[in-house]
Structure formats: structure tokens, C-alpha cells
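Shared chain: chain A. Partners: chain B in the first complex, chain C in the second.
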Partner chain A sequence: MPPALVVAGKDLRQRLRDRSAIVIGVVAPLVIAAVMSLAFKGAEQFHFSLGVVDADHGPVAAGMIRSLQSPGVRSVLDVRAEPSAAAASAAIRSRRIQAALVIPAGLSASVGGARPVSPTVLTSVNNALAGSVTESIVGSFVAQLNADRLSVATALAAGAPPGAAARLQAEAARLTIPEQLVDRPLGARPIRVISYYSPAMAIFFVLFLISYTSRSFFVDRSQGMVERMRAAPIRPLDILVGKALSVFVFGLVSLVVVAGLTTVLFGAYWGSPLAVGAVCVAMTISIVCLTGLVIALARTQRQAEGIAGALVFALALLGGNFVFVSASPDIMRTLSLFTPNGWAMRAFTDLSTGGGGLGTAALPVAAILGFSAVVAVIAGLLGRRAVTA
Partner chain B sequence: MTAVAVAVASLRRVVRDRTALFFMIALPLVVILIIGATVRGFSTFRVGVVDEGAGRTGTELVAALQAAPDLRVRHYPSVGAASRAVARGEVSTAVVLPRGMDTDLRAGRTVAVPVLAERANSTQQAAAAAVAPVLAAQGARIQAALFATSAGAGSVDQNLERAGRLQATLTQVTVASRTAESRAQTLPEGFSYSAPTMLVLFVFLNALTGGTLIIENRRLGMYERMRAAPLGPATIIAGEALGFVVIALVQSVIIVATGAVVFGVSWGNWPAAVALIVTWAVVGAGAGMVSGTVFRTPEQATAIGPALGMALAMLGGCMWPLSIVNSVMRQVGHAAPQAWAVDAWTALLARGGTLGTILPQLAVLAGFAAVLLTLATLRMNRVIR
Partner chain C sequence: MIQERAQAAVAVRAGAPPPPVLVCAGLTKSFGGRPAADGISLAVAAGEVYGLLGPNGAGKTTTIRMVCGLLEPDAGSVTIQGRPVGADRSVKALIGYVPQEIALYPDLTGRENLMFLGRLYRLHGPLLAQRVAAALDVTDLAERCDERVDSYSGGMKRRLNIAAGLVNQPALLVLDEPTVGVDPQSRHSILERVKAFAAAGMSVLYTTHYMEEAERVCDRVGIIDRGRLIAEGTRRELVSRLGERDRIDLVVSGDAGRLAAACREVPGVDEAAAADGRVHLVTADGRRVLPAVLEKAEAAGVPVGSVEIAEADLEAVFLHLTGTALRE
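== the complex of A and B ==
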């Protein structure tokens, strides 16, 4: 068997015997994915209950309530009748509903006159969006009433005879605002918490391989293992390839196992298996190169732990393993593209929402491999002494 | 006094360890910065806009969208780019202003303005609903201008201008808004959210990984040597506990001070904040000592500690407000001490609470501390003897 394989086999056996490696590589990302999956079960999509107090009982109130039950809106809110504004306020405070609409008595009658009365949205500071969405939906309905009133007023101001006001009002009531929003489906799945954070956590914990391996390299060296291997005699290159191979295999297996288990257990969707595999391979290669860089930079075990620790958390923070990077400010999204894990997260986001296969993953994979090549060259230039020392 | 000497010895080791200092101080501050800058927008929708050459009406519509208080607008060059952005969650929806929109509207043709939203996706639908009244307000002027022109009075351009003037003066049917619930259940957005939650997360997580101090002491036979000094088990345990509490307090003070000075976080009523910080430091100390006696190797503590710390932090509402998760998980989350600490910080920062307000949370946290410290003392006793 080639010496590199022997070195890799020994490293892998050693790692598997240590239960903390399994915990970091598989158990930890699964536990965190499980927590996320449970926390957001049924709470991921924006939805709220809206109380409606109808004191008007007229045609305008009926139209307003119908607009709150239109097909597009139905996925956003469900309407519950409330007897009075006081009861609706109490329901908001007890969190039974998240916002309420109070339609005042006389609204329908007042719409044609000079002093129309206004509906009121009752809101809660704990669900500002429910309040503003209700205001928007009612606002859209009211906009047609206002457009009709404005149409009559403009016609009269432009010189239509004042005696025609009643006829104009009747004609205006049949108008529709000439700009209308129409839904255009994206053909994309919504991004789900579990589908984002499963790869995010899998990658985060696989990044710890950098700390783990660089630390073990210096432990081996302090125990004279590297010298003994070289006396075997094994070329330094074989030792390096062996160590790199063990990191690669462990990292890749860990990512693939977490991908499989989160898919089966928590319903995460990572994307097309081939593309996911390609991103995982590229990501693991970058971890191998980063491990090489830490070994090349550090001179002692303590230094390796420090550099690796800082590197792992810097990458995880910038790459979007903790925060949902798509929703971050532009600067964060740009910075994430300077990290291999940031590119991997972008690939997983695109794969899990837009579908697509290797084509979708091609650019991220190329970017990760480019990053890895640069890191490998720097590590190679700096690191000859690490093995030969 | 001897216990203090034991504590000082532990502290000295931590201060000399630059890696430990990085995780104790630099990392929490960077995380507070990043999460504080990111976790915003619980009350606004991000909306994309693609202008395919809509003309003046399109430009006016974009300005109106930008002026809407609950919308934040981002521009995209093409429908493809906007669709990708919606799919990735960069924006909740996107509006496409079609080519020739201005000409078509003035010619009396109805214009369909596509909004990128899936029928089944309620977040996208809610964002689209927020865009609708802005579009309708503009459409109202156009409807009025066309109507007046068809009634035989003036040109479309003249009437558009007239409608614009009238819209500003005409009494409109408005939608009023009134706050029915002003008791905030979540921390304020931005750094006032990230600083207290990350304080809770990192003090606990740091204590768990700090268990390595005890593990290394066990491995090196430090406790046997201390016993030979001779020191009683009570002194050794008290010394170790004191060390953990002081480390947690130092870390807390640095986070609180940086939060106040750099990030402008107001930490609320001071006596209450101090009581909470001290109680949480004791909870952390208990957890750290349990970690030091339960885990066998430093690798176990540094591997399992962060994973456990993060999982409890997520359950306890440090990573997202527990008000947005389902009710079962809200209750399960309160099995973690973090949830009580975050509840107490929410009472202080969001509702101007005082020591009296957070007494129930402090009592529960004291209970957690008592259980953890008792467990730690029993385990330490076994380790030392």
C-alpha cells in the first residue's frame, strides 16, 4: 500500500476512536439542525390572525372584508370576527390575534360625502408586520374609493358642469385603477430555515477539522512522530498527502452523512445530489488547503490552536454559517464571497430554492477551488519548513 | 483567602492564554457586531425593483416605494437577477415596471405590473400586499386624469397635474392605526438585540469550554498536590468556583462596556442589570465546573461544549426571539437557563423593567445556579478525594 494511504488510514482510525471527532463531525450539526427544525415547525411562513370589528354592516364594509379574504391574502392571514374594539384590543394583548381592523359605523354612508370616516387598524409592537400588512391590504381597498372620489373631483375641477356630479359619481364607482399588481410565480421553492442551516452547521463543524488536524500535527511532531515516519523512510510529500487525504475523507464523509441524515430526519432539501456532492468535495478541498496554511503559519501547538480557532470563526461569521447572509447588508454579502464557505452557502441556497444541477453549482465550485489553489500556493511557499524542520 | 489564591492561579492561566482571550473577548464582540448589523427588519419588507424602461410613471413609483416607511427598496438590472434575489431571500418580493408603462397608462390602457411572488409563499404575498397601496395611490391619479379627460374636460397631462394637486388637498378615506399592545415581548432590533443575547450565549459557552482548566488540573494531578499542601476539598472547590465567576464577570463587564460605548446599547436599570449579570455569571460558573468534571479530555470539552452551548442558546432564544417559534418550543426553550436570562434582559431593555420586575427570572436562574453548583461540588468532591 502506498505510504500516503497508510498515513491517512492511521489518522482516520485515530480520529474515529476519539468520540469527540464524531460529536463535532456528525452529532453536533444534527443536534443543532434538530433544534432549528423543531423551533420553526409551523412558524416559518409569515401568517397571522386578524380580528375584524364590523360596526358598519354596509356594502363598503362587506367589500373591505372580502378584500381580506381574497386568494392571495388568504395565505397571509385568517379573519376572526370580534364584537368590539375593546374585545379586539384584549385579544391582541392575550396574543389570540396579532392585529385587528375596526370598521366604524357609518363608513359606507360617508364615503360619498365630504367627510368620510376612517377604518382603524389596531396593532401590537410585538407584531409590527401584521399591523402594516393589514394597513396595506385595507389601504389598497380604500385606494379605489379614493381614486373614485378623486376622479369626480378632477373632472369637476377640469370644467365638467357641477350638475353632473351625481352622474359622474355613479360612473366613477365602476372604474378600476389602471395599474394592477399581478403575481408572477418564480418557480422557486421558498428558502427554509432547515435547508439553510443544515449545510451551514455541517460546514461550520467540519471547519473544526482545521483546528483538530493542525493541532494533532504539532502533537505528533512534539512526540517525534514526523521524524520517525521520515526515518521509515517516508518522503515528506507522502506524509503531507496522507494527512491531507485523511482530512479530506473525514470532512467529506461528515458533510455527506449530515446531508443525508438532515434530509431524511428533518426534511431539509440540499439540492440535486450531484451538485451537492460537487460543492461538498470543493469545500472539503478548501479545508485541506486551509489546514495546510495553518500548519505552515504556526510554529507551536498553541499557535496552531490560536490561528485555527480565529480562522474557523472568522470564516463562519463572514461566510454566513451563523447569520442568514442573503438578508444581510450588502457589505456582508460581498465579504461572504471572499470565503469558501460563503460560496458554498450561496450554492446550497441556490440549489435548495431554484433547483438546477451542476450548472448552478459550477461558479461556486470554481470559486472555492480558486480560493483553495491560492491558499495551497501560499501554504506551499511558507510551509516547507513545517515538515522538513 | 486560600480559595482566592486558587482562583487567582486559574485566572492567571486564562490571562496568559491568548487563544482563550480571543474566544472570551474578541469573538463575542465581533459576533455582536455582525448579528447586530444583520438582525434587523422584523418590521420592514425588502422589495426589489426592476425598471424595464417604464418611463416617468415608473420613476415616480420607485420614489413612492422608497418613501414608504415599511419598505426598503433594492434595484436589480433584470427580472432574472430579481428572481434569484427573491429565491435567495435577499428581498421578499420584486416589482417589475414594464417597458412603455408610462405611454400605455396615458393612452388609457390598463397596465399589469408583475410582482414576483409565489401564491403559496405567505412572506412573498405579504410583501406584495405592502407594495399594492403605493401602486394604487399612483394609479388613482391616472384613473382620475383619464376619467376627467373622457368627461371632455382638459388633456391627460393637464388633468394628471390637476389630480396630483387635488390628491394633496382632497379629504381622503384614510386607514388610521392605533397601538393596542405596547408591552414589547422582544428585545429592540440591532445591537440592543445582539449584545445582551450574545452576552448570555458566550458567558455560558465560554464557561463550558473553560471546563478544560479543571480537566487539565485533574490530568496534571494538581488537586493531589493542593491536597498535600494541605488544602481541604471545600477550599479547592470554592477557589475553582470563584475563578469561574470572576472570569464570567470580567467577560460580562467587557461586553457590557463595549456594548454601551461602541454600539450605543442602553442596558436598562443598573441595579437590575448588575444583579442579572452576577446571577448569570454564577450559572455559568456552575455549568463550567460541571463540564470540567463530566468531560474526560480537553478535546471533549472543546468539542461538546460549544455545540451544547449553541444548542441551549438557540433553544433559549439567543439566536432568534422565542416569540417567533411555535408555542411548544417556547415552553421547551424555558428548560434552558438562557431563556430566563433573555426574558430578564427583554424586561429590562424593551420594557424599562427594574429589579422588582425581573425577580421571578432571577429566582429561576438562582435555582439553576444552585442545582449546577451542587452537582459540580459533588463531582469535584469525587475528583479531589
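== the complex of A and C ==
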């Protein structure tokens, strides 16, 4: 058996004998993914109650309320009538509703008049998103209203008799501005929290292999095991390759097992198995390279632990293992592209929403492998002394 | 091969010069400009135990790391059975290395540790199992070989550390201070085993800073100080080279003067004097002349109450050569 395989086999035997490795590699990702899924359950379906105060009671107000009850937005909000602006404010404070729309008296009449009347949206700092959604829908309706007013004014200016204003107004109301934005998700499935946090936690805990392996390398070295192995008729490279192999096998098995178990136990959907496998392989290769980098940079066990710990948490934070990358600020989304796990999370998100197979994973896999190659070169340049020191 | 080694061992004990297994020629190594080994040359024959004796930091470990191919010398060469250590990794299979640390995996069993190391020497199948069993047997660890190493006593770990150096049945066993930190019983056990390995034909390079160990197990001793091999030979050769002699002190109940006169006739006795019911003798080799001295006492009718031999030792040699005590 090649010496590298002997070293890898021994490392895996030790790792499997260590219960903490099983806990970190399999149990912890399952538990934390389940907990995170419960904690962020509301994030995957946004819905709120909107109070409406109709002081206008005219056709425009009725049209505005109808637009808020249209099938397109029914899944996002439900409309509740409120008697007054004061009552609506009280309802928001008591969190019975999350936002309110106040339609002032005279709104319908203002369409043909010279002085415009504006509706008001009452929002709460506790639910700014509800206010934004309401403003967006009402804003769209108001844009339509303004277009009606403009078309009536244009017709009158072009010589239409003033008595025809009411008829022109009705004609204009039948015309609608074409939709400006069509929301069509890339995938066939909506994103589910468990489908996001299953790979996120699997990757996060596999990242700990960097810490575990680099620490065990320095323990081996301080105990004389590396020197004892080097006294045998093998190359120093065999030792490193063996250790890298054990990291690769353990990391890959851990990811695959967590993928299988979260699918069976929690109904998570990771995506096309082939593409998921490709991302897992690429991600595990990057962990092998990062482990090599830590070993190359550190000189002692304590340094290795410190560097690996900082690296793991920095990668997890930047790569979106704790929070949805899509919900992060632009700078975080950009920074995530400098991390292998960020690319992996991007791939898993696309795959889990049904966005395709190997083609979808190709760019993230290439990016992860590119990152790994750069890290491997740096580790190789810095780490020649790691085994022979 | 074992038979050849045994024959070589017999040759060593018979005084014939067998071909050397290990030859170091002018080994030199510096760290940061400070020489750790400075032109060390030595040879170890088959079946011979060669001791490198010197204080901590003298250059013993640097020397054996170069012998084992773990450290590249700045100058000089190492050959094992005529094959240079260096580019050809297979030469390392002739060496069994026992580092000073307990270099074992505590979370593996004794057998698993040896199997792992054996596989690194390309052993497998029944041959590997046989070699592991032999190494466990010779170190008396067969009964507990399937227990995890972290459950072993300190002495057992030391023995397993040695067993790990035997798995490949090396021509040269290199032991780097193998008795550091062990109790007297385990030390005795280790030293007896080292002598047994040599008797079976294995060459042993043994480093220590314990003078008693060197005297007890080593056929020849090289005294190393500040990276230089400053003297080499058997204990007797080293002692006599410096003019040091043994002293025998006999407490007698009869005529001490008559016994002293009789002892002057014993070959090897250089001086003999009587005083206060005691006879003081000076000789080059106290143990060798003692039987003849006791015969003279019996023939002279002078009963001997007690005998004390004060041998010149390597401690004295080291002190003489370096001006410092061995344990400083």
C-alpha cells in the first residue's frame, strides 16, 4: 500500500475513534441546521396585515383597495378596514396590523381637478418592510392615477369639450400602464430555510477540519511522530499527501452524510445530486488546501489553533453560513465571492431552488477550484519546512 | 541474515574486526553558525553496541539525526552496510530509529502503532503480523498489545517505543537516550534488551548522558563534547589511555603486610601497601586480578573480611578530557 494511503488510513482510524469528530462532522450540522431553520422560518414567506382607512368612499379609493386585494399581492398582505387614522396608528402600535394606508377624502374628485390629493402610508420601525411593500403597491396605483389625470388634461388641451371630461376620465381609467417589472424566479422552487441552512451548517462544521487537522499535525510533530515517519523509507510528501487525503475523505463523507440525513429527516432539497457532489468535492478540496496553508503559516500548535479559528469564523461570516447572502449588504455579497464557501452557498442556493444541474454549478465549482489552486501554491511556497523542520 | 548477524556478534566478542555496519565520516552540521557536529567520524560493527556519551547539547542527537537521514549534513557522509544514506530512501529500511520522545499515537493500541509503522516500511500481510508479534514479544508487551497506548505505564510506553524501532528488523538500531525518565526497574529491563539485540547480531548506536549506562551496555564508547568526538574506545581503553587505574581495598584479620608482599607477585598488580589491618592495591584492571589476589590471601593464611574495588570510570575520563562533569 502506498505510504500516503497508510498515513491517511491511520488518520481516519484515529478520527473515527474520536467521538468529537463525529459530533462536529455530522451531529452538530444536523442539529444547528434544524435550529436555524426553526429560527428563520418566517423569512421564507413574508406576509403582513395592512389597515386601510377609506375617507374618500369614491371610485378611486375603491380601485386602490381592490388593487391591494388583487390575487398578485394576496399572498403578501391582507387588508383590514380601520375607521380612522388614529385607530390605524393604535392598531400598528399594538402590532395587530403592520402598516396602514390612509385614503383621504376627495381623492376621487381630485383626478379631474386641479389640486392633487395624496394618500398616506403609516409605517412602523418594527416592520419597515411592510411599509415599503405598501408604498410600492400604492405608488404603482398612484402612478396609474397620475397617468389618467395626464391623459384627461391632454385631451382637454387638445380641444375636447369640457363636458366630456367625465367620459374621458372613465375611458382613461380603463387603460392601464403596462407592468414595468415581471418577477420571475430563476428556479422552479421557492427557497426554503432548511434547504439553505443544511449546506450552510454542513460546510461550517466541515471547515473545522482545518483546525482539527492542523492541530493534530503539530501534536504529531511535537511528539516526534513526524520525525519517526520520516525515518522510514518514505518521502516527506507522502506524509502531507496522506494527511490531505484523510481530510478530503472525512470532509466529503461528512458533507454527503449531512446532505442525505437533512433530506430524509427534514425534507431539505439540495439540488441535483451530480451537481451537489461536484460542489462538495470542490469545497472539500479547498478545505484541504486551507489546512495546508495553516500548517505552512503556523510554527506551533497554539499558532495553528489561533490561525485556523480566525480563518474558520471569517470564512463562515463572509461566506453566508450564518445569514442569507441575499439579505446581506452589497459589500458582504461582494466579499463572499472571495471565499470558497461563499461560492458553494451560491451554488447550493441556485441548485436547491431548482435552477439546474452541473451547468449551474460549473461557475461556482471553477471559482472554488481556482481559489484552492491559489491557496495551494501559497501553502507550497511557505510550507516546505513544515515536515522537514 | 540473522545467522550472519549472530556470527558477526560472536566475532565482536572474540575480538575479530567484523565489517562495519555504520560508517560516519567527517559529519559536520551547524545551526546559525554554531557547530552542532564538527567532523564526527565513527564506525559501528555488526553486533556491537556503540555508545555516544556526552552531556545535553553535546551534539549526540544531531549526529544520530544525520545517521538516520533526518538531517542533511553540511559535510561528511553516512553509510549503512556500505550504502550511503541520503538520496536512496531504501537505505532507511536498514535503520531502526527510537527517538528520545515517546513517539507513539496514544489513541491507538500498541499493535496498531506497530502495524502502522511496519506498513511505512512496506511490510504487509503475514510478514507484517509476524514482525509486529516478534517486536511485541521481545519487549514483553504481547499481553497488552491490544490496549490503547494511553493506558500504558511510562515503562511500557518506553518499551513500545523501542519495539517500534524493531518492527523492520533493522541492521542498525539507533536509540536516542531511551531511558530518560524511566524508573530503575524499567531502565534495567531496557538495558538488558539492548544487550540481547546486540547478542543477536544487531548493531546498536546508543546515545546517553548516563555514564553508568554507557559502561554497562556499550562495547565501545565515543565521548562527544561541543559537537566533537574527543575520545573513542572501550571503557578500559579510555581509562588506561588517561593513566587512570583501579584501587582494591582489602580488610584483613591477619598479617596485612605479609599479604601485601604476596600480592606484589600477582601479575597486573602495580602497587601493594598495608596499613591499619588493610591492604591497598593499585592495578590496571581490578576485576581481572582480584581472583589471583584472593588466592594469595588464602595461600598466605590471611583471612579477608571484605573487598572494595574502586574502578576508574568514564566520569573521570570525561572530566579529564573536558574539564566539566558529565551531568553539567
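Basically, the second predicted complex is superposed on the first by the 238 of 389 C-alpha atoms of A that agree within 3 Å, B and C clash if a C-alpha of one lies under 4 Å from a C-alpha of the other, contacts with A are read in each partner's own complex, and residues count from 1 in each chain.
We take it that a contact is a pair of C-beta atoms (placed from the backbone, for glycine too) under 8 Å apart; a residue touches a chain by one contact, two chains touch by 3 or more.
Computed from a predicted structure; not experimentally measured.
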| item | value |
| --- | --- |
| Partner chain in contact with A:Ser89 - chain B first, chain C second, else both or neither | first |
| Chain B versus chain C as contact partner of A:Arg299, first or second or both or neither | neither |
| Partner, of chain C and chain B, that touches more residues belonging to chain A | B |
| Which superposed partner A:Val76 touches (first chain B, second chain C, both, neither) | first |
| Touching partner for A:Asp18 - first (chain B), second (chain C), both, neither | both |
| Partner chain in contact with A:Met36 - chain B first, chain C second, else both or neither | first |
| Partner chain in contact with A:Lys10 - chain B first, chain C second, else both or neither | second |
| First, second, both or neither for A:Arg235, with chain B first and chain C second | second |
| Chain B versus chain C as contact partner of A:Ile137, first or second or both or neither | first |
| Common interface residues of chain A - those touching chain B in one complex and chain C in the other | 18 |
| Of all residues in chain C, those that touch chain A in their complex | 65, 68-70, 89-93, 95, 97, 99-105, 107-108, 112, 116-117, 119-122, 124, 164, 168 |
| Residue numbers on chain B that touch chain A, as the complex places them | 17-19, 22-23, 26-27, 30-31, 34-35, 37-39, 41-43, 45-46, 70, 83-84, 86-90, 95-96, 101, 105, 108-126, 128-133, 135-149, 151-154, 158-159, 162-163, 166-167, 170-186, 297, 299-300, 302-304, 306-307, 310-311, 314-315, 319-320, 323-326, 329, 332-333 |
| Touching residues (chain side chain A, partner chain B) in the complex | 18-21, 23-24, 27-28, 31-32, 35-36, 38-43, 45-47, 71-73, 75-76, 88-89, 92-93, 100, 111, 114-116, 118-126, 128-129, 131-133, 135-140, 142-155, 157-160, 164, 168, 171-172, 175-186, 188-191, 205, 208, 302, 305-306, 309-310, 313-314, 317, 322-324, 326-329, 332-333, 346, 349-350, 353-354 |
| Residues of chain A that touch chain C when the two form their complex | 1, 3, 6-7, 10, 13-14, 17-18, 223-225, 227-235 |
